[in-house]
Amino acid sequence: MCKAINIRVAGFGGQGVMMTGQLMAYCATYENMFSLWVPSYGPETRGGTANCSVIVSTKTIASPVFMNADVLIAFNLPSLTKYMNMVVDTGVILYNSSMIKDPVIKQGIKAFGIPVNDIAIGLGTIQVSNMVMLGAYMEFSGLFSDQTVEKVLEKFLGEKKAHLLGINKQAIQAGREAMIAVKE
Amino acid sequence: MAKQLMKGNEAIARAAMLGGLDAFFGYPITPQNEVPEYLSRYMLEEGKVFVQSESEVAAINMVYGAAAAGFRAMTSSSSPGIALKQEGITYLCGSELPCVICSVMRGGPGLGSIQPSQGDYNQATRGGGNGDYHVIVFAPETIQETIDIMKEAFDIADYYRNPVMILVDGLIGQMMESVDLTRPVKKRFLPEKDFATTGTNHHNKRNVVNSLYLESAELEAHNLALKKKYDKVIINDTRYELINMEDPDYVIVAFGTMSRVCRSAIETLSEKKIRVGIIRPISLWPFPNRAFETLEAPHLKGILVVEMNLGQMLTDVIVANNGKYPIGFYGRAGGVVPDPSNVVDAIVHFKDLVVK
Amino acid sequence: MDIKYKKTNGLTDTPLSYCPGCSHGIVHKLVAETLEELGVLGETIAIASVGCSVFSYKFFNVDAVQAAHGRACAVATGVKRNLPDRIVFTYQGDGDLASIGIAETIHAANRKENITVIFINNCIYGMTGGQMAPTSLIGQKTTTSQTGRKSDVHGNPIHISEMFSQIEGVAYLERVSVCNPRQVRNAKKAIKKAFTYQMEKKGFTMIEVLSSCPVNWGMTPVDALKWIEEKMTPVFPLKVFKDLGDEKNV
């Protein structure tokens, strides 16, 4: 990686937007890269749309903010609509195709729909839909090993939620598989 | 130790503890709440002092008491809260008490917003307290630098017997970044705190901490002694970084988050064959005048000041530049954080931004 | 030679700057004697406030911190939390404590700060020249209530001890007066009890002292003492408002 990757994650509050971004930042730091996570904070995060940005880089990170993302991860239609024109020309969009049907996306930008809600429900709980998305992004980007994400998740979940590690790992694997499927 | 991902506010709190924090006093205000939240747990775990005060005014005066007793005391707050602390800050300076004040800036004036801002440059460097005094103000640009300066801050405060302020914007407080808590910091010889009011059984003479001098000659002597101390700070602890300053077409002056944004912008500009350097003040008071005094750049078309306010540091740059080069200004306010493309545009349209 | 009377070591040799007939001198002496008798002079930190008693840091022969107006209890908190085994007291007038510093004082009490507050109530701002205090009596003429304090214009005299008696963190609270020798002796007892409780870590203690200000009241010192007894005391009755006694520190 020669350049920082600017990632924007957006969705409804409660879809695990902040957690998805934070896990990416934790994973990058765990793999000894530089990472930076910026939340949108304030009243708007209550019940409305939530978004955060993550920068992953092998070099120290300069600007903590960016206009156009290299990667947009959109969990709902309002987020996709709001941010899809703020993606670089060579960028990529991963969207939640359980909630977004046949979006019209600018020519040249790669877009992959992953039905993360349906996959998560299939695994037993919609709550891991964000982990399905994380798995899909890991598969697409080649960033972060399964071991890394497992270690990070262990720490993130802590003792109280340790029993959720299994389902989260399953969701990540399912996301990887879904990505492989849509790529083909 | 390996790097870890930490939230800015929590990093401030942890670094303060690593810097020897004995006592924290604070009042809740967004976007700095994670500082007291973190300390409420870990200070008590380590048997140190943590008090959630009834107001910012009370908090700074508790700091005054703790510092008078010889302890390393700190408070943290955000813009309207720092406004309330001004009374205590001038007393701390007047009584020559060391302490650390963390200011996590949000939008203003008034209640403003809770979004990131650099609108308190003047509040930090000029202050709203009465009398001839200065607070030593550092404005780090990354969480790592915030940690490094915070770890050193109590030493600097003790060395000069003066408050030190760590000034960051809400973005640095709220974001998370990879950091190393174990980086070494400069150590300095610190005088014994022979002023501390710990009870006359515990030292030789009776100690009084006081800022009242009713005789004008006596107060003037005190003012002059303070001035001498501040001159020493200017000589020894003015800090700045010069970035990409070889034969620049333009020079940007920016601090904190904005200097990082400008770092990205000058990369884009160099692709456009525009050479731009950055003067990054790290200490806002003392302001790095000498970076401007020694500025010799034959192709320099001008200096662009970039701030998340409507032109506060600009005044200091105008003074430091002393009419040598044209000065332009680009600023955003109200919690808007410019991104690198805005700064690129500002340089491209420098002529339109020149201040008269 | 037989020593009949000796100045307490609790006071420095600096001449008091208070006006003739002012009660500050008496209260200073009572506090200083108490600290000496308890053997804690070398362990005590005084917090001076703003007002006439701003100079108390010059007079009490202990370490002292001069606090901003109204903030004495916050400053005391900062000292005491770091030095829990030392004796910390504030010495504040009615403007400092009952007006600008009421928040700091209430919250120090509510946090059960183990400090002693000596509260001088003389119904007036002395240092600044006789302005109306929150404790000024109805009808009292001051430089900012020149036709007399009126309830519906200026509000009523604030009853600090009555208010603080409701606060759980308070261990001892008494209102005393220094208008005659009997009351002075009683005031000394109250002050001593407050400091003893602090030494026993019982919590927040406060002694409200009804005091005179003959200069700003426009009276002779003798008339001023009479005024305390006849006018102030009926409004501010002398009383032990709270005494946790031997109850354990809860």
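Here the chain labels run A, B and C in written order, and each chain numbers its own residues starting at 1.
FYI, contacts are C-beta pairs under 8 Å (C-beta built on N, C-alpha and C of every residue); 3 or more make two chains touch, one makes a residue touch a chain.
Nothing here was measured: the structure is a model prediction, and the numbers come from that model.
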Innermost chain by mean C-alpha position: B
Chain-chain pair with the highest tally of contacting C-beta pairs: B-C
Distance from the mean Cα position of chain C to that of chain B, given in whole angstrom: 40
Cα-centroid distance, chain A relative to chain B, in whole angstrom: 35
Length of the line joining the C-alpha centres of chain A and chain C, rounded to whole Å: 63
Chain C partner contacts - residues on chain B that touch it in the complex: 22-23, 25, 49, 51, 53-55, 57-59, 61-71, 73, 87-88, 91, 95, 197-202, 206-212
Touching residues on chain B, where the partner in the complex is chain A: 2-5, 30-31, 113-115, 142, 170-171, 174-178, 257, 260-261, 263-265, 267, 337-341
Chain B partner contacts - residues on chain A that touch it in the complex: 22, 25-26, 28-29, 32-39, 41-42, 60-67
Complex interface listing, chain C residues touching chain B: 12, 41-45, 47-48, 54, 57-58, 61-68, 71, 74-83, 86-87, 103-104, 106-107, 111
